[in-house]
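By letter and in written order, the chains are A, B and C; residue numbering begins at 1 in each of them.
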Amino acid sequence: MKKSLATYFDRLWPITRSLSGDGNRESLQILSEIIDLKITEVPSGSSCFDWEVPPEWNIKAAWIKDSQGRIIVDMAENNLHILGYSEGFKGEMSFDELKPHLYTLPEQPKLIPYMTSYYKRRWGFCLSHEQYLKLDQTETYEIFIDASLDENGSMTVGEAIIEGQSKKEILLSTYICHPSMANNELSGPLVTAFLYKELKKQKSLKYTYRFLFAPETIGALYNLSIHGAHWKDNLQAGFVVNCVGDSGDFTYKKSRTENSLTDRATTLVLKQTESDYEILDFAPLGSDERQYCSPGFNLPVGSLMRTKHNTYPEYHTSADNKDFISFEAMQDSVQKYLDIIQVIEWNAFYINTLPYGEPQLGKRGLYPTLSQKGERAFVDAMMWVLNLSDGNHDLIAISERSKIPISTLIPVVKKLLEKNILKSHENFKDNNFS
Amino acid sequence: MKKSLATYFDRLWPITRSLSGDGNRESLQILSEIIDLKITEVPSGSSCFDWEVPPEWNIKAAWIKDSQGRIIVDMAENNLHILGYSEGFKGEMSFDELKPHLYTLPEQPKLIPYMTSYYKRRWGFCLSHEQYLKLDQTETYEIFIDASLDENGSMTVGEAIIEGQSKKEILLSTYICHPSMANNELSGPLVTAFLYKELKKQKSLKYTYRFLFAPETIGALYNLSIHGAHWKDNLQAGFVVNCVGDSGDFTYKKSRTENSLTDRATTLVLKQTESDYEILDFAPLGSDERQYCSPGFNLPVGSLMRTKHNTYPEYHTSADNKDFISFEAMQDSVQKYLDIIQVIEWNAFYINTLPYGEPQLGKRGLYPTLSQKGERAFVDAMMWVLNLSDGNHDLIAISERSKIPISTLIPVVKKLLEKNILKSHENFKDNNFS
Amino acid sequence: MKKSLATYFDRLWPITRSLSGDGNRESLQILSEIIDLKITEVPSGSSCFDWEVPPEWNIKAAWIKDSQGRIIVDMAENNLHILGYSEGFKGEMSFDELKPHLYTLPEQPKLIPYMTSYYKRRWGFCLSHEQYLKLDQTETYEIFIDASLDENGSMTVGEAIIEGQSKKEILLSTYICHPSMANNELSGPLVTAFLYKELKKQKSLKYTYRFLFAPETIGALYNLSIHGAHWKDNLQAGFVVNCVGDSGDFTYKKSRTENSLTDRATTLVLKQTESDYEILDFAPLGSDERQYCSPGFNLPVGSLMRTKHNTYPEYHTSADNKDFISFEAMQDSVQKYLDIIQVIEWNAFYINTLPYGEPQLGKRGLYPTLSQKGERAFVDAMMWVLNLSDGNHDLIAISERSKIPISTLIPVVKKLLEKNILKSHENFKDNNFS
């Protein structure tokens, strides 16, 4: 998988993505080789609650030349150089006139910042502060931005579904609006696509899995406008997949209720499998969880990341590049999502069918016939599952209370279901407590 | 304010106050210059639940002379010398006969204790243990106590109201029964009167504020007999104001429910504004909170003090005098009460009127049009208020969960109300959880 | 009591007890001298939920001789030598044939293990690993086991009742199936019998006390099959009494709900009377609490032990003998159970009959008539009891919240009941929160 991740990374990297435009179309086309995406064009001007889909933005070229015709700043070299959603422009101007259109990071002088102006018409260039300081303030500059903002265009979004036995859903949502940055954000779409590929191999899934690829904020709002009502009743768990490509420890940011199935399953898996990790309380700041967890929806959507956005210096700069990430870490991210999904799939309120006293396990070949001192992990795990399978404890709660890893409990559950000492309470009881 | 506090302190200090009597009338008269008090005379013998208002006590003089006519102990020198509610007496007696009428503090031998015998008829003198040890045990002493206990008298109480938009009430209760002591208790009536004066300046208040000046215990019981039924439905928050004059750190003793609005607002303000402070659990020991928080009423009444009664050695002795207190601290106490009242006034269950996704703040001029890294405290505070204004979180809960000071959140609420993105849930929803 | 405990210990010690058989009958007969036991024979083959009462096992002799007729292993010497529930056998065999029938503890080479094979037919001998290593591997051995397994036999159980004012019950359950071991388990039956004897002396008990003596697991299942339905509605508290004979600190293992009256009373008493003790969370591992706390019953049954079974090296070996225990500790165990029972008896939701303000305690002679600084433990305890006797706090909760020992509160309750300021909420309100 590592090699394949790297290959796709290299193909997707140079494309200029944004809220809309051909770069997004091309990126989704490439991802379609991994995940069976249904692609939708959402017309500019479409309403999504308090918002509207913006005009479609396309850009072919953008540069600044000095009076001798030398290219000083060129989007062809790094697509972060252009302020996202810049309008087209062509003209000459002095340094002083140009200055308000130039954006730098004085505190990180070697790095190009990533900036956008989605909802206010502007044009501008982003460059390293070092480069900016070298600009001749007496020069006259030639500016060229070959960009279009089309009110009759559209925003492109992709979706894939793996049908399960239930229409209850698990959401994997990632965003495709970032140009050439690696952790935030090519890692999200790549991990999501490969997660689809792995999950698709599994024979039978309890839940239906929905994978969404859309620009941040307006894409999430669009998807909420389509699926929000269904999700309020049917979403069991969901993740905003982003910042999953670096080799830092896992970070999980909880959903708004802070005790959703998403939160409980993820916290349990990290606790039982990782020595270092961080659990963050919900905050209405960050990425698309801001929309999914808005008070009108309050969906069980959290975010399993590695190093969290906005906490590492490379964030939203040209330094968030291939050097910053690790394809091994990305593969490991896919696996961690799979582990959590296994817990979500197996979590249920099981019922002990012989709840009066202990079942006699010996006659079913499940208990040692000879009493003796010593270890008996499988028997102990059976005892815990049987004792707490009363309709009030789901499997996660049993793992928490017994302190037995859920990976040990799942085979116990399988065995007890097979022996009919355990049954499912309801097939698809809503697992969220909130 | 400091100077004015000192002036009133000096005028009130020498007056002999008790459960009843002219000293109390005179004290309330002086306080009326600051606060618009309605004064009520409650006849002796009036029933207040299991209690009766005692006879009115007045005392003109009390002394002990030795056989040579030298005054040994004189109430004119310090009104703590007379045991509170002493009956009148005139006569001569040996030291041995006098001894059971003398009260001292052997462990604080330089101090005169403050003692009373309200409900059992006695007479007695309090004096320092050092003075007691110097008494000639072979002497014959002359005793004179010019005191009256009038069954047809009355107990004097004062009340002031600041009307708000709602009949829901905030109570400020202080007691006026202590003779010449400074922290416990001239500080309470002074801080309460000046708090009235400051609050009166505010243009529009949501709640109605009731200020009560009455003797401890029987005064609170009387007020409960009049207002108790109204308060059970309408009291939002309340404070027993006492021990607020020394320069120690603030101490807050919680109301009986321990999560009343009083408790939550006070705890929040202390946490967010003070580096050192103490929060005490409720206990049915102490001052008038014993009555307000009796199980039949269980009112949301706490007590914001500085150094708590009965924890400092000067408590209930002649050492609780002007040297022990600070008028700067007293002024600061007034301000802290005002800060808490501001929180109580602004606390509400607000409702986000655009709860599906985030409102587009940019088009309302509330969001930066240019994405960039860095601090954005006001925007973050807006996000928190909008996200949690779901009818389940009041503003205090939002401050607690977001860890954003409530003083930062209040201007945000004002702005969002003005933009109609926020509205009040109900004007005067009862804020107590209990 | 110490001496009497020792005498009974010595008489009971040599008897071979098991799930059934004459040893159990003889043991119950001896215990009947202390406790008024009603003895029941439960026929082999009787159903108890998923289980059946096994055939009755009796054994007269069991030994291994070498070819020279020397006895190598003899049950007459220590009844742990025989594998519990061994079937009869007579024959000669080589060491290699004998080997699978020999059980040792290689890690505790000096000790004979205690082992059983209740539900699978086997025969075997337990011996120390040192003895095992000395066996001549070229020898031919003669084996003799004079044992019977009678399908038409019965299991013997004992029960005693102390009737209280209410049919609500407190259960004391102990097991009688262990042969010659001291802490686990002669201490449980002995402590239970002497606890009966002490409790029987008390004049008037609120609750009915049921004492059960039965073999582990199948005995508890039998008793649940008889009393389970009654207990679901009526059991207030219960204890599995075992491992109460050594001089280690007390260990309390909570019932399944972890906040039953049993848990709350025991935790409170240990906290307020012991400096070192341990509280264990419930686990469905251990002794008869596995049955009482199965999900279909979920009874408030915990276990107050000293050193917990399976945590000391002597457990289930020949080293759990008279040297390991202390009759003083056993007597102390009886007393601790009595202390907890006193709390259970006095715990109730009392009601303050004068809940509006404080009652005037002075006129009832319950309050000092003279105000003064200093200690007043009884008055403070009254204040707490009166304030919290609101129907929502039982006496345990009052002790927890006030931090006043319940042994101080009980006399306060008696006094206030006598003065009619307090009354019982309901005589026998179910005290379990679960």
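Operating definition for what follows: contacts are C-beta pairs under 8 Å (C-beta built on N, C-alpha and C of every residue); 3 or more make two chains touch, one makes a residue touch a chain.
As the structure is a computational prediction, the values presented were derived from the model and not from experiment.
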{"item": "Numbering shared by both copies at the chain B-chain A contact, with half separating same from different", "value": "different"}
{"item": "Chain B on chain C, rotation in degrees - Cα superposition, rounded to nearest 5", "value": "120"}
{"item": "Euclidean distance of C-alpha centroids - chain A vs chain B, Å", "value": "55"}
{"item": "Of all residues in chain A, the ones touching two or more other chains", "value": "none"}
{"item": "Residue ranges of chain A touching chain C (in the complex, touch as defined)", "value": "352, 354-360, 362-363, 369-373, 380, 383-384, 386-390, 401-402"}
{"item": "Touch list for chain C against partner chain A, complex", "value": "48-51, 84, 103, 105, 113, 115-120, 122, 217, 220-221, 224, 228, 256, 281, 283-285, 290-291, 293-298, 310, 315-316"}
